[in-house]
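In what comes next, subunit A is part of two complexes: it sits with subunit B in the first one and with subunit C in the second one.
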Partner chain A sequence: MIRTPIFIQGAGSISPQKTWDKKILEEGFVAQQGNRWPCIEPPYSDWIDARAIRRMSRVLQRCNVAAQLAMNEATIDCPEAIVVGTAMGCLEDTWSFLSKMVQNGGERLSPTSFIHSTHNTMASHLALHFKCFGHNCTFVHRTISFENSLTDAILLLEEGAVSQVLVGGADEVTDISFDLLNQLGQIKQLESGENSPGFTDGQPGWIAGEGASFFVLGNRQTASSYARLVDVQTGAGYDPEEIASRIEEQMASLDPGKTLLLAGHNGNVGEDSITDQILSQSAPAFPVFRYKSLCGEYGTASGFALWLASHVLKQQIRPSTSGFEPLPSGELDHVVIFQQSGPHHAFIRLDRC
Partner chain B sequence: MSGEVVITGTGIISALGLNGPETLDAFTQHKTGIQPVRHLHTRHRDDFPCGEVKASNAELAQLTNLPEHLSRSIYLSYHASREALSSLSIGELAGLRVGFISASTVGGMDRTETYFQKALVDPATGDVRDTRHHDCGKPTDYVFHKLGLKGFVSTISTACSSSANAIMLAARLLRTDRLDVVIAGGVDALTQFTLNGFNTLMIVDRQQCEPLDRHRRGLNLGEGAAYVVMMRKETAIQLEQPAICLLSGYANTNDTFHQTALSDQGNGPFAAMTSALNMAGLQPGEISYINMHGTGTQNNDMAEGNAIRRIFHPVYPSLSSTKSFTGHTLAASGGIEGVLSVLAIHHGVIYPNYTFHEPVEGLDIRPETRIKTDQEVRHVLSNSFGFGGNCTSLLFSEA
Partner chain C sequence: MSELKEKLKQQIVDQLNLKDIKPEDIGDDTPLFVEGLGLDSIDALEMIVLLQQQYGIKMVSSEEGPKVFRSVNTMAAFIESQKGQN
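Showing the complex of A and B:
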């Protein structure tokens, strides 16, 4: 229920796929290995001044370049507002400060990692870097952090406060966080060197991914526009039947032959069976692609899904686990991104423009 | 749809007390909450007095009827949000689109610290499940569920302006008719992480802080939670909830100067206050009281003071920082000071800044030093400025 036309004018992503390079559209996706999929990093020094890079953590570098990719496509030098979602924040600096604090008993600590550990470091770094004095916000609500950020950006455009806004989502997996998730039994157990299983191995656990995806949303359709953002909804506390009826309502007006559903299955058999239950009730006729089979599981993986959806609609191509394929027939008019996790579900709809 | 957003309920827990009446009493008696640390386990216990909530986790668990060994943020958040909702039953909210928007900078960091302290010494010890409390959204989700809510939930983290942004987002979701009732505010518990972190920046005062004073030495950290219940005016009428006041203006800007410091002239604060005034259609002379961010650091008080001078000089409204009472409660501060602003309008009080003696060099800003009661408080500006240049001003007006 967005009340004003909103277009994705630019998109940039750093992810476990080579999403920062447009050649990915022809060359396709890499087959992942193991249970932790790190980002394929771009040559950051092509994008950021060498002195500045040394002062930036890896997640800030990713945010910076993903934002630049999106802003270059939208041909803007400075966004009017910046909104970022991050489920876990700047983990590398958080663990660094925490470990030193515990080991040194609070003595001889350097402020740098504390300063960089705060969740709003990403959005404020971007504000400083691009000299953006406007609205600046950071959402940190678990798996819906990115969708919350989109909602804030949509409100800004609806209110007429801005004509364009930079919005993104970023999370990093670090050695310590991966180890903790592993100990908590959340990560898929694989033999060393074993290829990553398909997302249908029927086993518990998921694969840790990470990434930073940024977008310029604007109130005008431009030559670079990927798609029109039609709806973003989140909900918490609903049972699967209620979620299914909410999604069914959204899907009712869409033609399954002209719609692709990007679903947030993460390969964890227990969680995926709930997603399957919801989709079999609410959208049985719609073709489904599991976007986390490309980027792994992380709090703001739906940012990767929006990058994927943008290219699918603009290029009129269909994703597979190996790459993009031209559409076999007809045109694709809609992409819906659906994910549910714990008490949350989220729904994003894009239309071809 | 009038679009006017009203506040119908408040909840607050801080070093000053467990609820609204206790908080107001503390101000009336000029009784600060800044005291030696009792509950936080830290080596700095004797170094830095803090605005600690005067209850242990076990006492908070009992008070809230929640299980023990949750993160302290959960207890504080649940306690304050229940007070805010005390005049409404969940049954009355049936059929309405309800939201809960909280704010946090540390989430359940206290539980993560517990784990690390054991596991870094001996990896075989420590319960890794403690780390499941770590993220900022966890306390929000827990409280949302415990309050029996269903619908929209979110958590904002913009350092010290976090809960002001939660209140602002709530107003925008109400004005665009996306939600009908929102509980908005924020929470932060004291943690070793933040105390040590602020200490590395050398901006923590070893005595009670003296905001807005020429000889200020830094800030006291505090903790707490505060929430307001917000709805459109017509929803309040429909639910028979008396409006305590309006949220008449708000603005979020970025100072874009430095990761941990504001520009000397306070450009971000100036823009936030100016935009909030413009939105409400108010002239500076119409403001009754400014609850300043006033942390007591050299940088904040200079920057904020300059921004206020640029807008209000030569005739200033009553103003004060309440942080020499509560300490700087970080993500909770916008909520705590928002609730104090609402109570100022409701009860006609202006809070004192009683550790003030001499104005900041070059500024003619003199805060109130004694509590003023029986005042006509019509419009209150509440400032929250944070690391990363995040600046938010809220404007509360009589209903």
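Showing the complex of A and C:
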């Protein structure tokens, strides 16, 4: 449990849904097709100066605008610290740099794609852009990268080193990465125009998603605050029963009638059966929504889940695959995000504030 | 020389991804850095790569940079002077 009060003061997300536009709360979600769900992009040039945008790959543009959305809500121009999680980093720039290295025999390499090919580009790019000279770190820890960036931000706030932190998670899918994942048999086999099967087709493979979600976490509740961040835990281990016992402990104090569980099922029958086994043992009475049915699978998809959870608690709305349903005020007090992938699992708890 | 300058302007726009500038916006004598096009040190590195890639010219002295990259005119003159030397 987090030792001091920490609030989500602002949230911004670019995802395969139109999450950058507040109208999404009324207009709802779009039904994606095929096995690769690209982000619905905002007009980046409205947000980023033309001279600055020319060196940014798409994932950096997403990070920048998602961060601006969160900072605008929190009414800050510059955060005191920046922490970002990414599973795969800036893939487009990495590919560009490596392919030029091969083509040109290690010579005549573009400095821009080199600079952006390193994983710590994400947090450092934001620091340069917003002129933030504070703590700066990018965590690259596979599917718990975002949770570990949250943990770092929480430690900073608990220690009193800062009063607010910009924290986020971002990953992109590129033609090359999609092709490689497809060759490895990771992607669900669907035609490009085929309707997505709602994550319950009982087949192997997942749908490739992408996105960037950023939050301003602060040590005081403000008018813009969405919710209180109560707990972030990560763990490693393959035994579903052991994981279930850990989750059960966390869920014991929560009322199922006042709690929504956002679960990280990704549509891959093998992985989902493990998640089902864990949740049926640890949280059988809790209502579950599968958040990746909106954003697809990517290493930092739990950032999208935190954006969703923030709105659910603040607006008192329940998500469905088509949009949000209003709830009576005070109906929901807690949202728990759980995801399990390979050897890693993660748990995030938010409370209404 | 005139053809080389036009080609250089297009290459600068492409290499530096200058989204809001067209080649014809760049004057032959327009300063490329600071008060002119507003290019910076990373752009300078990109221009060095451009010379290597497009013209096979390697910049060996860092002192040459400010003179060579002052404008399209100075770049074109440098390329002409290096013909047959690399």
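Just a few scattered comments:
Definition applied: the second predicted complex is superposed on the first by the 348 of 353 C-alpha atoms of A that agree within 3 Å, B and C clash if a C-alpha of one lies under 4 Å from a C-alpha of the other, contacts with A are read in each partner's own complex, and residues count from 1 in each chain.
The rule we apply is simple: a contact is a pair of C-beta atoms (placed from the backbone, for glycine too) under 8 Å apart; a residue touches a chain by one contact, two chains touch by 3 or more.
Quick caveat: nothing in here was measured; it's all calculated off a predicted structure.
In the three-chain model built by superposing on subunit A, subunit B fits alongside subunit C with no clash. Of the two partner chains, both subunit B and subunit C are touched by A:Ser110. Of the two partner chains, subunit B is the only one touched by A:Leu155; subunit C is not. Once chain A of one complex is fitted onto chain A of the other, the partner contacts of A:Ile53 are limited to subunit C, with no touch recorded for subunit B. By the touch criterion defined above, A:Asn219 reaches neither subunit B nor subunit C. Legend: residue contacts after superposition of the two complexes on their common chain; A:Leu128 is shown touching subunit B, with no touch to subunit C.
Which of subunit B and subunit C touches more residues of subunit A: that partner is B.
When the shared chain is aligned, no partner comes close enough to touch A:Gln281: not subunit B, not subunit C. In the superposition on chain A, contact of A:Gln316 is made with neither subunit B nor subunit C. Measuring only between alpha carbons, the smallest separation of subunit B from subunit C in this overlay is 8 Å. When the two complexes are laid over each other on chain A, subunit A has residues 109-111, 115 in contact with both subunit B and subunit C. Subunit C contributes residues 16-20, 38, 42, 45-46, 49, 52-53 to its touches with subunit A in the complex.
Across the complex, subunit A meets subunit B through its residues 1, 3, 82, 87-89, 97-99, 101-103, 105-106, 109-111, 114-121, 123-125, 127-128, 131-142, 144-145, 148, 152, 155, 158-159, 180, 183-184, 234-238, 342-344.
Those residues of subunit B whose C-beta lies close enough to touch subunit A in the complex are 42-44, 104-105, 107, 112-113, 116-117, 120, 128-129, 131-132, 134-138, 140-141, 144-145, 149-159, 165, 169, 172-173, 176, 178, 192-193, 196-197, 199-201, 252-260, 267-268, 271, 386-390. If you check the complex, the residues on subunit A that touch subunit C are 45, 50-51, 53-55, 104, 107-112, 115.
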